[in-house]
Every structure is written in C-alpha cells, then in structure tokens.
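Multiple structures follow.
Next come two complexes built around chain A: one with chain B, the other with chain C.
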Partner chain A sequence: MSRRRAMGDRGFWLRIGWRNLGRHRRRSVITALALAWGFAAVVLFNGILEGMGSDFIRSGTDLMAGQIRIQNPDYEPEQELWDVVGGEGGVQVSELLAQVRSDSDVIGAAPRVYGAGIIASDSTSRGGVFMGILPGEEAGVTHFLEGVVDGSPPAEGAYEVLLGQELARQLRIGVGEEVVLVAPAADGSLGNELFTVSGIVRTGIPEVDAAQAFLRLDDLQFLLALGPQEVHEVVLAVNDPWAAPEVSRRLVASLSGSGSQIQVTPWTEFRPELVEFAGLISGMNWVILVVIFLMAAFGVANTMLMGTFERRREFAVVKALGMGPGRIVTMVVGEALVLGLLSVVAGALISLPLVLWLIHYPLDLTPIAGEQMFMDGLFRFVLRVEHSWDIPIRAAVGLVLTATAASVYPALRAVRVPAAEALAGR
Partner chain B sequence: MTDATQGTTSAPAVETRELWKTFGEGETAVHAVQNVTVAIQPGEFVALCGPSGSGKTTLVNLIGGLTNPTRGTAKVDGRDVGAMSERERAQLRLERIGFVFQAYNLLPVLTALENAEFPLMLRGVEREERRKEVMELFEHIGLGGLQDRRPGALSGGQQQRVAVARAVLGAPALVLADEPTANLDTAASDALLEVMELLNEERKVTFIFCTHDPRVMRRARRIIRLVDGHVERDEEKASGDLPGWVLEPVGT
Partner chain C sequence: MLLTRMRATPEGSQRRRGRALPALLWTAVFLAGAAASLPAQETPEEIVRHVDDLLRGESSHGAVTMEVVTERWTRSMEMEMWSLGQDYSLVRVLSPAREAGTATLKVERDIWNYLPRVDRTIRVPGAGMGGSWMGSHFTYDDLVRESSLIDDYDVEVSFEGTRGGTEIWEFRLDPLPEAPVVWSWLELEVRKEDRMPLEMRYFDERGELARTMEFSDFRTMGGRLVPSILSMRPEDQPGESTTLRYRDLEFDIGLDRGFFSLQRLRGG
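Showing the complex of A and B:
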C-alpha cells in the first residue's frame, strides 16, 4: 500500500470518528467537556504545585542560605575560623567575586564571615552568632534584610550591628543603644568591640532571631583578626534554582586555577531536604495526573462501550464487508482519538486564561493563611502558576493516550461482535 | 473489465458438504441448516428459496463465514471458510465476496458514495479510481446526483441500490444477496436485477440470492429450495422460466 493511500485512509477513519461522535452530540460533548476539565485541572493543579514547590525552594534558599556556597573545603562541618577562602597564598576575594559574577547564570554574590561569642548590653548578656555581611551585596542574594523591623542594616565605618528581634528583646536593648561583642579570634586572641545597634531584624527563623547579630563584613573581619581578603563563604544566587548544580560544576572548572582551595556546593547538596520536597511535589503531580486521567479513562470507556453496543449491527456490516479486526480497532480508537484531541483543545481554552492569569497575577492568600516557616524558609501562601511547557504537553499527551487506551477494550468488543447474530438483530 | 473468475482455481465457487448449523443444545436445539451439500460453479446465478425460517440466511452466513458451522464444511474457491481465522475470513470477504442485506445496512455516518466505495477503500484502491468506479455505477443504476446524501436522506429503493453498488463494485467473485428486492418496487427491482445479470454475464460474478421474489427466481438459472434447513429441491432452469413447484406450498 502506498504511503499516500495509507495517509488517506487515516483521514477516512478520523472522519468516520468525527461523524460518529456527532451522532450523539450531547453525550460526546459531555464526555469531551469532562475530559477537557480533567486536562484543565491537571494543567492548573500541576502548575500551582510547581509554583508552590518553586516558592518553597526559593524561600528555603533565598532567605539566608543562598543557592550556591563557595567555601574552604575544610570549613564544614567544624567551621573553624581559620578555614577561610582567600587571603595570603590564595585568591583575592574581590577577584573571586568578579569571576563568579561573570557567569551569566549568577545574578548575585555576597561574601560572608562567621563568628560566635557573647553580646552584652548594659543590663545582661547572651551568647550569639555573628555574621559579617555587605548589606548591598547580600540584598542581591538573600532576603533576610527585608525583615528589618526597626532601624537599618549596619552602615560602613560606623561600628554598627543589626540584632535579631528576640535577641534584642532578651538583651532589653533598642536601636541606637550600645552593645559589646566578645569573640574568640582566628589568631587565638579574644576580640572585643563596642557596637551601636543600627536595627532590629525579624527573619522568621526562631534560632536566627534569638541569636544572630549582623555586622559589616570588615568589622567582623577585624574583630576575628581576619584579613580583608579572607572570608568564610561566598553565597550566590542564580537565575534558576535548578541550574545551581550545573553552575557549580562550571564554577569549579573556572575557579580551579585560582590557586586557592575552594569548594563549590549547590543548594541541592547542602539542603537535600528541599530536593526531597521537590520530589514529593513531582510525585503529587503524577498522582493528580493519574487519578484525573483514570477517571477520564472510565468516562471514555463508558462512552465508547455504549457506542459499541448501539452499533453492533454496523460492526457486523463492516465485518461482512471484509473489514479485519485491526481496522475495526483502528476505527473505534480513531473515534476516541478525535474525542481526545477535541478535549485537549477545549481543555486548553478553559485552562489557558486561568493559567495566564495566575502566572501574571498570583493570588496572594497570605492575609488569610498567614506566613509559615517551612524548612528554614519563610513561606507565603501565594497561588502562583509556575509555567513550564512540559506540563500542558504532558497533560495533552496523557489525555490523548488515556482516551485511546480507554477505547481499546470497547474496540475489542466491537471486533468480537458476532456478525450473523448482530445482523439478525439478536 | 475485470473478470470475477480471474485468480480462481477450477474449484466450485461455493461448495458445502454435509453442512450443519444448530442453535441451542439438547431439547431446545434448532437445526437451522441440516446436512446441506451443494456445489455452485463460478458464474452461476442461483436463487435460494424456501419459507421463512427454512435456513436460507443461515446458509448464506455460513458460506460468507459470518458464522461457524456446527458440522461439515463450507468452501469458497476451494478454501474451507470454517477453518479460517477471523483475519483470513475478513480478507476472503474483502477480496472475493460481496454482501447485500435485506435491511440495506448502510453506514449512517457515510454518504452514499462513501458507503459504496467502502470495500474498495478497504482494498486499498486509490481514491480517484474508486470514485470514478462508483460514479459510473451510480449513473447506471439511477443514483447519479445522490452521491453526497447520507442514507437517511435516501428512499428505501435508493438505499438498496447503494447497498448493491457496495456489494458489486470491484467485481467480487461471489455476491451473497439476502432478499435484495424485498423492499423495492417492481421498477427498482428490475433495474437492480439487470445490473446483477449484467455483472453475471459480463464479469462471470457468481450470485446467490435468498429470495421469496418470483422476479428474482424467474431470472435465476438454478433454484435451490430449502425446507427446515435441508435441500428439498435443486434444479437448473432457463432464465425467464419459473417452475411451478417453486410457488407450490412446501410438502406438496
């Protein structure tokens, strides 16, 4: 059989499928609409779940952790003060920052220094964790500075400190008052310095708000007896969180000749629980897909079975005319295929406006649901669709496959119609 | 013009041997066809007659492979239909057999033209070629201009003519026609029978009619009368004659 003729035949079966659907228009429309709603539900729910998963990952990495960390390979897990990146014999931190920022996927880089010690006010003292930051750079990587509830981040050259809200409460201290920070330094000495409280911050992470003090990077370097080119960590933000592992590999390759020992770690490694959560979201998406399409399959099978019973005589006739089992199956499945394709079009028309709306105008449910801490991230309930083409494509393919697969049993029933009995009306 | 005997063996077009078809079991068993042995040669024009329930339709269904015999064999072109797989039977029907049903049985979603060309399409005949064949026959049997109508928009006679066109297009070797004129007026019946006679004479198509219609029996050149599933009489005759016995009540 020529290819042209085979194509023509296929058009013939699709035309028969289309016309057969038109015989019971109401039933076909109801079935197609049910399938279309299934398609729309899959696209919408999957999009919302993807958006939610993405928000979880962003909130888990953007608040404080960052999406990529560059550290001395020996820094974790002991976090010794002297295991720094940069300084003598190593890369200059300014050069390192310039190099990582040249990667097109890196949208922000911020150096950090960490220490621990005692914070003392006039009336009391508390143990605390110190973090040296460059507020301007930090804002391009993380969001915790957006939680400043009073005052402002520490200014350059002013010996200022930003305190966690709970810590400030326990120290019974406010903006403008002074505290003394005492910390063991990298050279074994004990550093201490007087700082003015520039602001109070509430990150939403209880352990941070109860113990963290944020200083200027150079102030903490001085307190800990570190050089100006010595940092404990450079945190990066990238365009797409899921690109972090690939960007990390690139950075390892490009930074390997810098002469300094460094380790580049994406969030997928230092926050593995977020990866598991993303896997859970993906699993939920599949469950939704399967449940909805399973329901759709029963709908299609029911419609096609009814059609098969009603058209017993017609199947007997086509058998008598010499139509083989394969072609009878093709005819019935062709009908389901047409139904599936129609449903995809209808489903796209239903879901597209909603999807576009939720992409461009996310529905903020925070006033109703509030903010929740989740996996060290501050999660806001925002109904937002994360748009990716594989969702509607997956749903469309799933729907058409479901419709055709569900028609196989009715098609086999049609093949088994006893021709003589059916022609006699038995 | 294609000769329907092309590609056949010297075997009879149809041959049944001790053919039985029984419905049900035990005391309720009904023997629709009993021990029927007949041989029909290529190019014969045969009328199967007999009262309702005598087994005519069942015999035709057995020959066409639409139902399986309980015992015995039914052969078409020397091939045992009962021993074939469903796929082989479909292929045999497609290539060698045309069916005409009493109730037309056109596919309601197809136009007259699409109904008629359906078997040709299944055979893989090119669209242009099959449409040309259909239109030529349609003109000949008075269906010109009706090709785009669906069955619901055709009269009973027109539908039956489409059904006959569907059965004879592509010159099958054998046409099995079950009461083809039952719903037609005299003029329509004659027109159809002329087409069939022409095909029989020119293309040597073998025709087997189940019929009560004297007009059909008059044109037949062999009449087989079935009574209670078995062959009561089987006689050849000249076309145009109508033996008296075919109209006599059964058993006289």
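Showing the complex of A and C:
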C-alpha cells in the first residue's frame, strides 16, 4: 500500500479523526451530546412548527372553506344567485362530482348553494346567510358538521334547517320548532318557506354561528327558484393541502370540456393569508436552525481549538516529518466531520422516539391554552409533529456542515504551529 | 331699530331728521317691493318642499304597477298602496297570483312583511334592510330612509336656465350633518313652468352617480298634477330599472295611524 494512496483515502482521514476523538473521550462525548441535543431540538421544534402551520392551514380550509373550490368565474365578489357553476342552466352536478373525484388526489367533493335573506321565528327575526349542502358529501370535505351540538343536520325531504348556535339563541328557538326563511329568489320573486329546526351547530367561526342556516341543497334551490343543476360552488378536499394548486391545474384541464363558466381555485389563492402564515412559519424554522447551529458552531470551534492547542507538539512533529499544510487541515477537519456525524447519529437517537411519540400521540394543550379562532379556522393547541423527512435531513446536513466549517479556524491554527519552537517546548 | 337709534341722539337731531326720513321711506318701499315679488319667486326650499309633498300629500291611496327589468328577468306587479306622511305606509301585492296578498307595512323605522304562502308576519331585521324589496332595485332601507328632502338636506340652486329646451331649476341637496342619509348629495331638476320634478340624481360617498330617478307622464290625479311614472336606474347595473306607474291616486283621504296595523297588513 503506497503512502500516497493510503493518505489520499478519505476513510483514512476519518479513521484518524475517530482516533483523535478517542484521545479525549469525555470531552468528545460532551461536545457530541451538545451537538446532538441541538440537532434534536431543531428537528423537534421545526416539526412542531410545521405541525402547527399545517394545522392552521387545515383548520382554515377543512372547517368550511375547502381546499379547492369550483365556481362560476363571475360568482365572486358579487355572489349573484344566477352566477352558477357552468353558467346558464348549470351543470350535471353528479357528473361534475364524479369527474373531480376521479382525480386520485381528490378525497372529497361537495356541492353548495348560497343565498341570503331573513330567518324568522315566531317571536323575532334576523338577517341570515343560507347554505344548501349535501351533509353526507360535506363531511368528506369539511368538519363544521361535527360541531352539531343539538339535534342533527337537515334530513332529506323534510324541509329542515340546521341553525348556527348564536343565531338560534337570538331567534330564541330550539330543535323541533319552526322558522320562516325569506329570500329574494333568482327569478325576482320573494321565496318564503316554513322549515323545522333539525339541529344547532357551533362551528367556532363567530360570523357563521351568528348568521348561517344550513339547508338541504334541493330545499334551498327550491326556495331560491334555482334548478337542480344550478349550484354556486363545489368544494374539494385533497390529500395534501400543498398539492391543491397542482390538483387545481389538472382539474382545469380535465373540466375544460364542461364549458367556460367554470373556475377552479386552490386555497392558496382564495386564502392567501394562510400562505403568508405558512411562509412566516417557514421563516421561523430557518431562524431556529441558524440560532441553534450558530451555538453548535462555537461549541465545535472551542473543542477543536483546545484539541489543536493541546497537540501543538504533535503538529510540530508531523510538520517536521514533512506533512504539508493541506493534510494537516484535512486531519483536523476530518476529526470535526466525524464529531458531526457522531452527533447526528446521537441526535437521531434522542429525537426519534420524541418525534414518533408526538406524531402518534399529539400532546393536547387545549385544556391549558383553550381553543382559538385564527384566520377563520378553529385552532386547537395540540403539539403535533408533521411527519416529514425534509426537516431531519436539513438539520443533519446543517449540523455536519456547521461542525466542519467551525473546525476550519482551528485547523488553520494547527497549520501555523511553528515546528521548531513547539518542539523546543517554547 | 332705525327709530331707536335716532332717539338716542337727541342733540342736533332736528337737523338730521330731515335726512333720515327719506332714508326710512326708501327702506319701506324696498321692503314692500321685495314682499310683493315673493309669491312669484319662491325660495328653493319652497319648490323642493312642493316636489317632496307632491306624491305624498298628508295621506294618500293609490294603485301602482311596478315593473322591474334586470339582466335576467322582467316582471310586473300590481300593487295597492296607502300612506300617511313619511312614516306610515302599506303596500299590498295584487298580482301576479303567486305573490298576491304579500304586503309590506312601514311604521316609522320598522318594516314588516306579510307572507300569505306561510301565513306569517315577519319584521325585517336590521341585517335584512339592505335586501331588495319585492325584487326591485329599491332596498328596505330605501323605504325606511325615504327622508324628507327639506328636513334632511340643505338646498341651494346649482343651475337655473334652459336645458334640453326646458326652463329648469337644478337644486343641489347636501345632507345636514345629523341627517340619516346615505348619499353624499342629490341633484334635483325641476321644470319651471309647472314645478314638476324631472330627474333626481343620487351621488354615493365617493361622489359618483349611483342612481337616477326619472319622473315623467305628468297627469292630474286626485286633483293635482303629478308625475305618474317614476323610473329608477341604478348606475352599477346598466340596462336595469325599476319603474312605478301610478294608475290611480287620491290624496288627503283622512287615514289615521291606527289604519297602519299588523292586522291590516295581513289583509284584515
């Protein structure tokens, strides 16, 4: 084995690094543990933040809005009754639903009709927003029907209505009682019908709970003089919220045959504030990464500086024997690289059980922090880690790079050891 | 006032009185002249008050056809209506049959609807006041806030002369600070020859023309000359309009507040 080959071999320098670390085991272990903990902290915090961000996005879209919506391009912002999906005459709703569901990323689709008018009990009346839904389909897209606190969602063919909790309170009305719904219809007439209150719902969104009444899709279509093919919106849920823009583009292409009066919008466009929020979280992740790794960098630099200082005579000897500066640097940096790799392994061992635990058993802080409405979503403070390979890989690479970079200065110091003086003990 | 001041200068006043007397005379003659010209030359307020009271009278009763033209549909409704001052009115739909019996009662700031289909009387809540009244371009708010042009606005003449071959006044009406008015200002065109309103323009808070009300087909009904057609065009919905055609009108028929009851609303 020629000397050149042996010294050019990376494994050789790593082995030297490993041996050098072993010369001062306790110090090496303590430094590695500090780095490992930094790694674990980054993985854990970033995971929790990602989890929160993802929860915000989910609660902001899954509660009522949906992750993708299909509308008539003219529907927003005027929300005129006759601007239905597909334009005049509407679309075959069941066909449209089947078509969007055939996309493998779409996990739910629900048609909706909206109207506005007056809701009156025997004693009083309030302005209200009416939403016609298919409760079965809606449950595959949104969660607000899980907030039914009394009774049940409206049943088919029964002229039933589910009222927001605050609205029901203001109307001084309960399940089983009658209300009149009055709304200007699409043909200019004044739609008015008697409905029975089937249930009370609390979504947590104040403006919904105080004004919204949920009806069967066909009942509201009748009240508003709309045909069965006329809906204002189809909301979709997708596997991964971040895939929504991509899925939207696919749907635009596949629905282009259904006429021009169809617009597909992902949540990233109709809830841009949620995207900004996600960006904020990602920014915070980077800040945490940088802060923790800066601390790690100083730790490594300190350890390596001490190590090189202690070994001045050794460096002097190898220099005297003819070792070039490049190899001395390689030797020191290799030691730091081994330290970094060891720390990553140790950090993974520390963080893995914690991460797995939080993925499978989210820590519910709701009893302490309560529930908060945030960006039209009901947010529960649950420490839940988003399952992701991205974060640990980013952290591992960051850690090793940091450790390596931090050893460059000590390595340069080692190169500059004046051989003769160090050997003379001066 | 002139007299008291002259008495206040007793010394040497004899000589001055000689000059003061013709001045006094002058003033008297001038004042008399001004007074004499008043019936012929009304103040802007009086003309606007005349227009304001024109279709209302102390009390009124009439039959009206409301035609609503929108981008999507056109519909026509026959209605019977009663009013007392600005605060009380009752409108009942006679046709089409599907909506016959539907009625709206306004008592001061409150509005009730009677819906024969469900046989319920419903008070229009605050949040519902922005809604369209009977599918027209009028909102419930328009009915409630049908304010007095004289009580709520400051009136000034903004144009006087010939426009489109007709001698007119154009008044600019600026809301008084406390007036419950949503408009920035109104412009009212009145024909000089018979003080008939021709057009009212409504400007929104951005100072843009929001809607125009046109008055036409002037006829004598109930003993007075009135515009029998009122047509409202919203500027933001070009091509759309709501037109009221009075077929029959009578004034000062001695209605009292008791007439405008929920019972009457139900058709009782």
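Please note the rule applied: the second predicted complex is superposed on the first by the 412 of 426 C-alpha atoms of A that agree within 3 Å, B and C clash if a C-alpha of one lies under 4 Å from a C-alpha of the other, contacts with A are read in each partner's own complex, and residues count from 1 in each chain.
Everything that follows uses one rule, which is that contacts are C-beta pairs under 8 Å (C-beta built on N, C-alpha and C of every residue); 3 or more make two chains touch, one makes a residue touch a chain.
Bear in mind that the values here come from a model prediction, so they are computed numbers and not experimental data.
Overlay on chain A: chain B and chain C fit together in the combined arrangement.
With both structures placed on the common chain, the touch criterion links A:Ala420 to chain B but leaves chain C unconnected. Of the two partner chains placed around the shared chain by superposition, chain C is the only one that A:Asp187 touches, whereas chain B remains out of contact. Considering which of chain B and chain C touches more of chain A, the answer is B.
Put simply, the three-chain overlay gives an angle of 140° at chain A, taking C-alpha centres for chain B and chain C and rounding to the nearest 10.
Of the two partner chains placed around the shared chain by superposition, neither chain B nor chain C is touched by A:Thr196.
In the superposed model, A:Ala211 makes contact with chain C only, not with chain B.
Contact with neither chain B nor chain C is seen for A:Gln263 once the two complexes are overlaid on the shared chain. Within the superposed three-chain model, A:Ser254 lies out of touch with both chain B and chain C [touch as defined at top]. The superposed arrangement places chain B and chain C with a least CA-CA distance of 78 Å. Counting contacts by the rule stated earlier, no residue of chain A appears in both its interface with chain B and its interface with chain C. Residues 82, 116-118, 120, 124-128, 180, 182, 184-190, 192-194, 211 of chain A are the ones that touch chain C when the two sit in their complex. Within the complex, the chain C residues that touch chain A are 68, 70, 72-73, 75, 98-99, 102, 113, 115, 117-118, 120, 122-128, 131-132, 134-135. Only residues 1, 5, 8-9, 12, 16, 19-20, 22-23, 313-314, 316-327, 415, 418-421, 423-424 of chain A touch chain B when the two sit together in their complex. On the chain B side of its complex with chain A, the touching residues are 57-58, 61, 64, 66-67, 86-87, 90-95, 97, 99, 101, 105, 107-110, 118-119, 121-124, 126-127, 166.
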